[in-house]
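Consider the two complexes below, in which chain A is the common component and chain B and chain C are the respective partners.
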Partner chain A sequence: MSADRAQQSSGAPKSDTRLWIALLIFGAVGIFAGKLWRPGPLAEAYVEVVTETRVLAEVVPAPTTQGTSTDVQSAETVAPTSLEQENAPTTRVWVELDDPRFKSGELRRVEGVATEVWDERAKVDPKKAREQIAALESDAEKLSAPTDPTGLTREEFEAREAARMNALKVVESTRIVASPRDSIGIWIAALLTLGIFSFLVRDNPFYKVVESILIGVSAAYWMLVAFWSTLVPDLFAKLAPDLVRATMLPGLAPSEHPGKDFLLALIPLALGMMLLWRLAPRGAWIAVWPLAVVIGTFAGMRLTASIEADFMAQIAATMKPLVAYTSSSAEGAAAGSAFDLGGTLAGILGVVGVITVLVYFFFSLEHKGVVGKTARVGVWFLMITFGAAFGFTVMGRITLLVGRFDFLFNDWLGLSP
Partner chain B sequence: MKQRNEQLPPGIRGFLIRMGQIDRRWIYLAVAVAIAAPMLARLRFPEVPGRMAQATFDAIESIPPGSRVLIAYDFDPASAAELEPMANAVLHHCASKGHRIALMALWPLGKQLADDAIRDILLEYHPEKVEGVDYVQLGFKTGNEGVIKLMSTSIAEAYAADASGKPITQIPLLEGVRTIGDFQLIASISAGTPGAQQWVQYGDSAMPDAFKFVAGTTGVQSSQLLPYYPKQMEGMLIAIKGAAEYEMLVTEKYPVTRSADRLALGRERMGPQFVAHLLLIGLIVLGNVSMLAARGWKGAAR
Partner chain C sequence: MLQRTIPLLILSASGLILILSYFSPITETWSEQVVSWFNILAGVAFVLGAGNLLAVNLEKISSKRPGWAYSAITLVSFGAMLVVGLSKWGAVPDAKHPDVHLAGSQDSTQAGYGWAYEYVLSPLTATMFALLAFYVASAAFRAFRAKNFEAILLLGTAFIILLVQIAAGAFLTNWIPEDSFFAFLRAESLKAIVTEVFQTAGMRAILIGIALGTAATSLRLILGIDRSALSKG
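Up next, the complex of A and B:
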């Protein structure tokens, strides 16, 4: 190792210089080719902006309206449940301003609550976005001209004009725009990717920075995931549902058994606090008890699952007929199904493989004579298995590299046709 | 043999020995070029479906239209290059066949990948599909294999509401669904733990024969999962090769007319794969020849 390092350090400057130059040329040619291929900015990104509007409405209690909503965003029950129709809980839902159920009387708007308006941004493929923008501009130009009334009755003219105005409204409300924010994101992602790749040449400060960013972001991300997906819904929401609803999860549905949930949530709360006791200067043994609960529960769960799926079922799967036919059923074999050479060989190979590998791992007998030769065959089976696993791993890793190159070439450099 | 080795012309022997000592960074660069060139040239080869890809295709085909299918996005963007193509193809296949699809995730970022698939695949190729009736996004649930275990006794305990907060009792697609045994097929697109192995251990084993189970896996994970096929897994898609074969089967039967690139990602990525594999095989051969040139047969055997 030290000789290798010495060799690298002695010949490093020359080799490194050549490599850096080759990489720079490779990168520059890529960017230049991208500009020639399809003129346009690097890291081109577009989004479709849709303005969403929601108003708070009450479901009018009527038998025909129960359970028919398909576009309800969130719902909250504001009265206790009752079997009596007149005392039925009033359900409030956030719906679109032009929801047809307002006209049919199924919903009525709750007065005094402000309308919620926000923009939804959906990424659009740059090529598709350019086509759509051109099509929208063309449609807007055509639709902006008033309908020619020549030869039309008044009704026909009004109908066509209404249709034109509606189409124009749709075209004008469709906003596909370039997104500088997403473009900056692509640039950052591309530079971070190149930073990680730079380690292949040699360890360097750029790589160190990117590595630190990756670790920091991952740690923060997992902390947030644990907080929002475990602590908030499974602990805080059960201990203090009203507080959680007011501060964190407005859409939190009321529990059917709040008292029971509260008492049950005290158990993980206590175990969690006991686990954190490990950080205290005294009484670290207290942390052993929740660990025992975790390990015991996990072992119990794993044991039954592994015995069934990885032991019994695997033994059953190994017990196959040595002579195989194209039909696996006994009736099919009796009816004269064709002899399956491949299946037969696979069956024999499977049995030989299982027995020889088991013999290799049987250490109560010295591996000499017949046992030694059988174990040797087992080693060959193991080597082939490891080789196949390595081959799969290589295929997987190359695909990941292809994925990153795909991002650099298409999303960043814009080399896709 | 050693004597024969020493009879090599000094120039060739020296060249071979030098090739064995080449700076590994040139190899990295060669791999980069071997992958970049076919990508830019959009090199693509025809795929012949293998037994496992065919079995996966047949499993989804064999259940009647309208069946409930649960697709678990058990991966994150780190494995998306390998698994997204097969996830896209499975989703398109199920939607084309007319199955009703529930999507879920045991990995936090799997939910976002499933959202992308709904937008880019389901609604792009099947705009007629209605949320809640034809598909539902259950979202991510923390708990790893515990979630599967819970879903094998009560889905409502694991998922009280879908990802948008709508109670599952109000979702027509899940009407009458109590456990995972009420789905006709479950597909796990899996990058590790929790994933396909846990679905076999805690789902399939808990209720064998209740549903068909298929999996799409990364190359790294596949050797661990192969023993489950075909008894505990009806079908299995292994890495990008499995994705490419399955994509071909699906798009041949259910072609799309626009934005077909999203259903050809697997086949596109097999072109660079082929060239890179050739390079690696060449490098392995070259490394061994170089070692033989330097040490001879007897030295190499040590």
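Up next, the complex of A and C:
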């Protein structure tokens, strides 16, 4: 009793301790099982690293025709640098270092511009990565031995040596390496997953911390999606196209009417600022104007869309022949196709279902007599519809749950053989 | 005037332009413009939401209300994700414009934003939804009682759908010959009958009802009959 009181006064409920112990046991057992099953690091992650190199080149103007490759189409055009080229603006493109157009003379490298080099990392399944690493090591060992010249002519020897060196170059350039960054990510994801699951025991500080992270990250995520996918291309690109092209969207096509675009973009800019005014302590009514645009546009869009896609389309889909044949065409039916009992029943039930459910939703008439009985049949159809929807919802959630357990047991603990 | 009449006129005009553009190609460019503004305002609404989140949590922290530390965690995670995403930290350069840093892609885990999505946001949302499996099952166990015919229909359909989706469904019904009269009792046929006949019919009627409701509400808004949406300034 006194211990309970002492625990209550310290602000730590007893069941919290049980929760932490349960989680620790779960983690410890999982880690132990993982080690027993397959020795190796937890949260194993590998990436294939590909080094990309780009150099700035300018297109050498052809004497008669202009270059038409895809890279050239997306290239930037800069002002001419010499008097001879005054009437022929230079097109510059970023290309690979060993681009064949350098040899053919279509391109020449721009001097004084640094080469851009970066690594691109693609995640590789740990099991496949281990196999590939072993295979690469074996290949490298085999290829490192020089070709035995016995019984070979000089040409044959040189050809084989060249092939060996090329193969060795490919093997050495393929880099599959462990990725600590992804391993840390898997650890964090596992802890966050356990944090959410801890709510099954009861509400607790671990869950609340994880929940707070989810709120913060998802709010920022949706804001960033809106910023990069809508605000930058639809608003900023029209207000300051040159700045946006130079800093964010280098592939932004020049507008045919920049002045008109700028003026028209001022309207959503003003409306957007009015919407943000809602955060101000006074004058919140100012935000009603942009809200009116949002509500009006959405109402207009939904009015036509719902009538066309839901109302008309659903009625058209219901208007099918009630008597079905094994051949769906009229010619097939005339030629003596067999009567399809299942299809006919399905067609009749479909029409009956739609009509009876609509009668149930028609509240202007009292549900008595024939109307009441019809509405009752409609309720049966609705119950089956809701039952099926419930079943699919549960299955969907269970699929997600299986996915999370798969992550915990395989990606994190590495229990898969 | 400024608070009631002009917003109503704006609402009606934007709605009517959208409706007119469906019938007349002349107003198509107008509707495209209005939809573009709508998209921009929807984007700004996310900024507004973020601003509101900041205001609410900062107020909670400054007044040291209970749970203020969680608000601080929310703000830190919000700020970290925002900085990483806006600066495109670790983004893979665009092969055609590697010199423009902000043109890079941040979809892969190589970029901070992609990493946060893959290892923070995605597992959290997936687990949050997965958690509902327990609560749906628990609620169903407590609430579902086969008390009348309607309840039996709902319960029976849910049971059939759950059974036929798993291997047990096929295991229990595979002995029924495919060409026999009772072939409709096989798991795959039962699922098809429930979804393609009964559920389709029910959903069609529901969709027709929703469409009529949506159209009526939209018209009431556009014609200014329903002004409740703009009543709170």
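Note that the second predicted complex is superposed on the first by the 340 of 417 C-alpha atoms of A that agree within 3 Å, B and C clash if a C-alpha of one lies under 4 Å from a C-alpha of the other, contacts with A are read in each partner's own complex, and residues count from 1 in each chain.
Just so it is clear, a contact is a pair of C-beta atoms (placed from the backbone, for glycine too) under 8 Å apart; a residue touches a chain by one contact, two chains touch by 3 or more.
Note that this is a predicted model, so its numbers are computed, not measured.
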{"item": "Partner chain in contact with A:P61 - chain B first, chain C second, else both or neither", "value": "neither"}
{"item": "Between chain B and chain C, more extensive residue contact with chain A", "value": "C"}
{"item": "Touched partner set for A:Q314, first chain B, second chain C, both or neither", "value": "both"}
{"item": "Partner chain in contact with A:G343 - chain B first, chain C second, else both or neither", "value": "neither"}
{"item": "Contacts of A:L19 with chain B and chain C, given as first, second, both or neither", "value": "first"}
{"item": "Which of chain B and chain C A:E52 touches, first, second, both or neither", "value": "second"}
{"item": "Which superposed partner A:E120 touches (first chain B, second chain C, both, neither)", "value": "second"}
{"item": "First, second, both or neither for A:I213, with chain B first and chain C second", "value": "second"}
{"item": "First, second, both or neither for A:A253, with chain B first and chain C second", "value": "first"}
{"item": "First, second, both or neither for A:T230, with chain B first and chain C second", "value": "both"}
{"item": "Set of chain A residues, in rising order, touched by both chain B and chain C", "value": "74-75, 122, 200, 225-226, 229-230, 234, 251, 301, 306, 309-310, 314, 317, 385, 388-389, 392-395, 397-398, 400-401, 403-404"}
{"item": "Interface residues, chain A side, partner chain B - complex", "value": "8, 11, 15, 19, 22-23, 26, 30, 33, 67, 69-70, 72-75, 122, 125, 128, 200-201, 225-226, 229-230, 234, 251, 253, 301, 305-306, 308-310, 313-314, 316-317, 385, 388-389, 392-406, 409, 415, 417"}
{"item": "Chain A-touching residues of chain B, taken from the complex the two chains share", "value": "23, 25-26, 28-29, 31-33, 35-36, 39-40, 42, 78-82, 108, 119, 130-133, 140-142, 145-146, 149, 160-161, 164-167, 170, 200-202, 204-205, 218-220, 222-223, 227-228, 231-232, 238-241, 259, 269, 272-273, 276-277, 280"}
